[in-house]
Each structure stands twice: as C-alpha cells, then as structure tokens.
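Chain lettering (A, B and C) follows the sequence in which the chains are written, and residue indices restart at 1 in each chain.
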Amino acid sequence: MNRITRTAVLLGVSIVSIVSITACGSDEESSGSTATSTASSAASSTASSDTASSSTGDTGDTGDTVDTSTTTATDLGPVDSSAAGVFSVETANGTVTLGARPVRIVSLSPTHTEMLFAIGAGDQVIAVDDQSNYPPEAAAVASELSGFTPNIEAIAGYEPDLVVIGDDRSGLGEQLAAVDIPVWSGLSAVSFDDVYQQLEQLGVLTGHVADAAAVVAGMETDIASILNELPETEVPMTYYHELDPTYFSVTSDTFVGQIYSLAGLQNIADRANATSSYPQLSSELIVSADPELIFLADTKCCGESAETVAARDGWAGIAAVVNGNVISMDDDLASRWGPRVVDYLRAVVDAVIDASVVAPS
Amino acid sequence: MRGRSWWLPLSVVVLLGAIVLAAFIGPAGTISSANWKLIWELRMPRIVLAALVGAMLSVAGASYQGAFGNPLADPYLLGVAAGSGLGATIVFVTGRSNTVGWLIDPLPLASFAGGLLAVLVTYMIGAAFGPQRSSLTLVLAGVAVTSLVTAIQTFVLYRNSDVIREVYSWILGRLSTATWRDVRLVFPYIAVSCIVLLLHRRQLDVMRVGDDEASSLGMQVSRVRLIVVVAATLGTAAAVSVSGLIGFVGIVVPHAVRMLAGSSYRRLLPLSIVLGATFLVLTDIPGRVLSTGSETPIGVVTAFFGAPFFIVVLMRRRLAR
Amino acid sequence: MSSLSLDHVSVHYGKRTVVHDFSDTVKPGDWLCLIGPNGAGKSSILRAVTGLASHTGSIAVDGSPLALRSPRRRAELVAYVPQSPLLPAEMTAFEYVLLGRNPYISYFGSDTAQDRAMVMNVLERLDMASFADRSLGALSGGEQQRLVIARALAQEAPILLLDEPTSALDIGHQQQALELVDRLRHEHGLTVISAMHDLTLAGLYADRLALFHEGHLVVSGTASHVLRAETLAEFYGVSVTVHHEPDGTVVVVPRRTSA
C-alpha cells in the first residue's frame, strides 16, 4: 500500500480510537470525589458535641486580593448543642456530606493536620500521614500512611469516616467513594482567603464551627498587628526566596510569595519572566539583582545556611549577605498553608525590621 | 510437531491461581464477609487491571519482536512510551487536580492520544526516509521520535518543576489507583488488540525468515507489519493510559515463554498473554504489602522480581543445551 | 510446465540501473543459468522476477505479466531460493518447509492436513523425512540447502529461481544439490533460472547460459557457444583454457599467469 493510503489509515484509526476512548471515558456517573455518601461507621447520630451548629457553613467566594479582613459571608448560628448538626460543605470538587460528626478522621496532608488540631478536632483524628509532624500531639497518631503514594487498602483499613487530603492527583477520592468513605480535599492555597475557607470548612465538617471561626479571627488579628509593626519605607525592599540549592525560587503569585508581598517586599524572581510559579533562577541573575533579604527554605532538606550562602562564588557581595540579612526559615513552614502562616509572617516581618534598623533609611 | 499442547491449559490454570492468591493478599487482610465490599471495590479492579495490562504488554512485545525481527523490541519501541509520557505531563502541568470533577478524566485520554500520535509520527518519518520501508528504518525513526518527545517533556517539566513528583510517579507506573471504571475503559482496546494479534500469529511465523523471503512466499510484508503495529500500539497505549509506563514485562515475558515453549508465534502469542497476565498479577502483590502505609511503584517490583527469574531461566537454558 | 519471458527488462535500485534492457524467453522445462562477474546484475534479475526489485519492462509467466498479480499468486508461480537464506535456528525442518505452503493458506487460516501431508511428502522425496523434527540450527550446510530447496518445492511453483545455490557448499554437496534440482526439474516439469559462479558446473547442468557484464547481456546460448577463452578473458579478466570433453561437456580450467 502506498504511503498516502497508509498515512490516511493510521490517522483515521488514531482519530477513531481517541474519539471512542473519550466517549467511553465519560460515563453517566461523573468521576471525581463527589462523595455524597454518608459515613456509616459513626453509629450514634446524636451530635452531643459542644459545637454542633445548625447552619451549613456557607463558604464565601475567594477573594483574589490578599485582603486579610474577612470577606467570607459566613453566618454562624449560635452554639446549639442539642440539634444534630448538618455536616456538609461545598468544595470545588463537589459536595462533601457526612451523616454524623466524624470521630475517625484520617489526615494525609500535613497542612490540614495542623488545621484540624488548631480548631480542636485533634481528638477526632485517628491517623495522620508520615509527613505530619506538627503539632506534637499529632505525633501520637502518626502512621506510615503516605500522602504522596497512598496505599488505598491501608487507608481503608482504618475504617475512617472522613479522609482529609491536599491535592488529589491520583484519583484517591474516586476510589474511596467506591467504598463509601468521604473525602475532603483542600487544594493548595493561593491566598489567605483560601486558608480561612479551608479552616472554616473543616470546622463545619468536624463540628467545630465556632472554634474554626475563632482561629480565623485570631489569625486575622495577629496578622494585622504584625503588619502594624512594619517600618515605613519609600522603596520596598527586595528579597530572594530560595527553595533549593539549585536556585529554584517562587514568584509573588504563589501563596508564600503573597506573604512576602503583605510584608511589603519585592521579589527578584518576578523579573525572571518565568512561565511557571517556581522558576529556576541563575546565580548571575540573583547576584545582579542584589536582594536585600534572602530567605532560605532549604535549611532542613539540604543544609543551607547563612554561612554556606556567603561561601558561594560571587555571593559575598550581595547586600543581604553583607548586612547579615540571610534568614533561615523552616522548610515545613514555607511549604504549608495552615494556621502557622502567621508564624511565617512573623519571621518575615522580624527580618524586615532587623534589616531596616541596619540599613540607612 | 512438538507435543507441548499442554502449555496453554496449564498456564491458564496458573493464571487463575494467581488471581485467587492475589485476591487474598493485601493490607486490608484476607477476604471475609466484613471487608468483601472493600476487596471488590479496591483490590479486585487492581488485580483485573494487572492481568489486562500484563497480558497486553507481553503480547505487544512479542508481536513487535516478530514484526521487526528484533529480539530486543519492546512495546514502547516506536515511541508509545514517550508520547504517552508527554501527554500525561501536559495534563499534570495544566493542573489535573482541578479537573477531578470533570466528566471526562483527561489524563488517560491525553496519554492515549500522545502515544498514538507519537507512533503515527514515527511511521510517517520511517516511510518518508526509508525507500524499502524496512523494519530497521522504522526502528530508527522510533528512536528519533522517542528522543525528541522525551526532550520536549523534559523541557516542559523543567519549566514546571512543581509537578515533577506527580509525573515521575506516573512514569514509574502504578496499578494502585485502579478502579472498575479504568477496567471498563481499557478492556475493549486490549481485547480487540489481542484478538487481532492472535489472528496474525501465522503471519508472524512467516516473517521469521526475513522481509525478502516472506515477500517471496506471497506475504505483503509491510501491510502485515502495519496491521500488527497498529493493533499492538492501540492496546499498549490504552494500557499505558491507565497504568503508566510499566517496563520490563513486554520484553522479558516473551523471551521467557520462548525458552519454555519454543519460538513459534503460534504458541508464543497466546502463552505471552496468559503468562504476562500472571506475571503482573503476582508482581502487583508486593507493591501493596511491602510497606504498610504506602505503595511501592510496580515498575520497581517487576524489575526486582522479574530480573532474577529471568536470569534463572537463562541459566537453566544454558545448562540444558 | 511454464515459460518465463523477460521483455526489455531494466532493473534499478533507486536511481541506479543495474540491469539494462534484458530480453529473453525461457522455454518450459528449460534451465537458464546467468553467469558473469560480481555486480553484473545476475542476482538483480532473479530478484526482479521474484518481485523484490523494481524494474521496467515486462516479466511474464506463460504470457501473463507477473506485475498484475497479487504477491500470493506470484508466489504460486515463482519460487525463490536466495543466496543466503535466513534459517531461524529454533525452527524445525518441518515448520520451515511448511512456510512454502503460505501462498495456499488463507490469511487468517492455518495449514490443513493436506498441506502437512504434502510437506512430509517433499521431505521424503529429498531423503529428509527423519529431519522433520530437528531444529535448523542443528543441521549441516548441505542439509540446510536441501531444506531450502524443499521449501521451494512445497510452493508447487512451476518456475524455480536459484541464487548461487552452491557457493557455500563443498564439492560433494554442490553436486548433490545440482543433481537434485535437475532430477526434480524433470520430475515436476520445472523451469529453472539460476545465477552461478562456477562456470563448469553451470555449463554442465544448464541448457543455456547468459553472460552478463555490468548489467548488459553480452552473449547467450549453449555452453560451448558462451564459454570461450577469449570471451571469458574479456569479461571476467581471467586467463583460462576451455576443454571440450567427448560427451560435449565444456570444462573451464584457469591457467596460471605467473611462471
């Protein structure tokens, strides 16, 4: 058969196959974690907990500006301990509804482990993944479960009535839905509002609505007061946030980048014209940008510190190095978006204050 | 003719035994009335998918070895692996987790399309520059396309390094996320592909004497090769789209079958199907029990357990000579 | 018995023409042997008849052009024994000869009892019935050569093409193979075209010879007509003496050129 015929045959077969696999791939039941099934393991439905709320936690829209004043339109009803709570939230992945207050929560996301414990749901958590190392109480329920390469049977073996995960990139929600285990997935936050919303949703799901609201309010207050301490500067200070020793950084549209923006700092990575939010910078770019602050998020993983940075070729002359403004951050803090973002902001603002004192203003 | 007709029934029995064995082993424990639903929803699809994928990769590898007269051929020879990988990478980069609620899961679709398109490009290049449309030209075109597509994928990943972990885990191959939906998705492709390949067993035997002689014996070599490639690629692309790139199976199982039952494709293809299924069902077991909380990627297990087995068969054959 | 006619056939590989305008008719049952130095085009002609090389001009069997026929039908008419056949070491002799039945087995079908009986028959006639289950890798060169001929016979084609059938064999096996072909030729009414290097053997067995040089036919005819010292000197560059035996055999004997 000649070349044209053969090419036509191949192309035709390819198109037909792709079309049919598309058709087969979309079935009547939609895929994804529409876990509308109710948890069956919790026998008693009398929500005798202290924070049963009758209102559905209606989560407001996510503001795209980094506005720390609350924009969520949550109307929390009064604490009503006698009514059976409705444990249902709307997420981007669908509705998650529980039949009763969950008491066998498995968390596969370190960030959300922190959130759960912060809102007082810690005693409802029976297992956390191997990366959840904060708060110390979480260590008591640490397991070998992995959030990155989840072993579905192992998870199901805990007979959880709620599984909390971060990004669901491996179809975990769908698999657990098949065995009637509800899954709540909290995508990586891109703004503070996302953080608050996730806290509130977890509050509704665990029956800690008021606690969650308190945590959110506390965070907002703390953030406001921390920001009040910021010194006045005409020209924003520049900074470089280092993710790893090969100069991977973040742009200011990432969540951690927004924390820095809140603190009034300017990111040198924004000049890199990067296509992704996690660009790899070059030594040359960093040295020529001469940042006044350097934040190291690779201290735990890779042993970087102010000394190692100063020892790099050509870096000794960078303003941050010269003035001793190379700050080691906690790798975990930098990659999570739980309640401890306040601590992260605290550290950043402290660094700014230190740097302002030294620098002539 | 060598009287080895008992090989096929014996292997089918072994396969069924492996499936039963696998059904009983897993972190959730053995089968009981209490966890039957869990086993059915979470473990059984995985076992069935392992059987389907193992069968497909093995028969595709054997068919490619016959169609190209190359004992080192594996099902990814013409670029299916690279194309599927690129398709998957693109989906991950554009944010797959945001599409979990969609009606169509784009990941298997993109990797399937990528695999097919890569092979299409390989064929077009091979036909354009090979005046005799020889198998060697196609293989070389496959090498070129694989390299190019892999380079593109690496570049895309480099610019989007936050998804490297997901892509790498996809590439390593996993059956742990199998659902019945995945099984339904790929079953038609794998079934059709296997049937077409089995129908061409005799043609592959004729091709063992090389293109020229097969032609002189009345066979239209390039047409048969095209059909075999299309069938094997369709099935392989479907398998890869749900299970990632599981290596080793497609090249080793056919050779093991040859050593045990001879080189005739009439026996090789059906035996590869059954023994390939058995192999993957068995090697999927350690993945879920080696570590109590996480999954060990199946690509690691197949090589780790398959290579020593293969060495043993190799040595036994040398001694037997 | 069938005739093979080549009408103004030129064979080319890509842009290169390796045989120029060759015309000949091989009568039914005849044996034509192509001779000539390396690269003269002998193998190319055989490949063109088999359908493995592109050519202009017409090649016809019993008057009907081969080009119009499907590969399967062509294989029913022309059987090709290549110079270096590929013999998969693990194939049995029976399976190998069975390949010759390919033109008669339907695309998705498999061999019938008749096919298998026919293969055994061929093996018996070539005194190889006991080899049926042995692997090709375990056979000697002479036995392998006989098997390839057996495979060609299984094709039941009236035209048999042999490309250098004796080059890899010792003198004993050379004679065996050629005697075999000659016997089969008469038994089955085959028309044979071969390409050979050994001039004496070529003259001994073939009815007619055709001498080629650089793709052109130089002379064709009987052995005594073609095998002349001055002809061979001109086109082979060799120095020979040609003897004529009383029974008509033409013997070509190389002469030493140095003292």
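Just so it is clear, a contact is a pair of C-beta atoms (placed from the backbone, for glycine too) under 8 Å apart; a residue touches a chain by one contact, two chains touch by 3 or more.
Because the structure is predicted, anything quoted here is derived from the model rather than measured.
Quick check: which two chains are joined by the most contacting C-beta pairs?
Result: the chain pair A-B has the most contacts.
Whose Cα centre is nearest the centre of all Cα atoms in view?
So the chain nearest the centre of the shown protein is B.
What whole-number Å value describes the gap between the mean CA coordinates of chain A and chain C?
Centre-to-centre distance between chain A and chain C: 78 Å.
Distance from the CA centroid of chain B to that of chain C, rounded to the nearest Å?
The mean C-alpha positions of chain B and chain C differ by 44 Å.
At what distance in angstrom does the C-alpha mean of chain B lie from that of chain A?
The mean C-alpha positions of chain A and chain B differ by 37 Å.
Can you tell me which residues of chain C touch two or more of the remaining chains?
Correct list: empty.
Mind listing the chain B positions that touch chain C in their complex?
Checking each residue of chain B against chain C gives 1-2, 131, 199, 202-203, 205-206, 208-210, 212-213, 215-220, 258, 262-264, 266.
Over in the complex, which chain C residues touch chain B? Could you list them?
14, 50-52, 71-76, 78-80, 82, 85-88, 90-92, 94-96, 99-100, 102-103, 105, 107-110, 133, 155
Note which residues of chain A are touching chain B in the complex, please.
1, 3, 6-7, 9-11, 13-14, 17-18, 21-22, 24-27, 30-34, 92-94, 129-130, 143-146, 148-154, 156-157, 167-175, 178-179, 185, 187, 248, 274-278, 280
Please output the residues of chain B touching chain A within their complex, sorted ascending.
Those residues of chain B that touch chain A are 26-29, 37-38, 41-43, 92, 96-98, 100-105, 108-109, 112-113, 116-117, 120, 123-124, 127-128, 158-162, 165-166, 169, 174, 176-177, 179-181, 184-185, 188-189, 222-223, 226, 230, 234, 237-238, 241, 288, 291-297.
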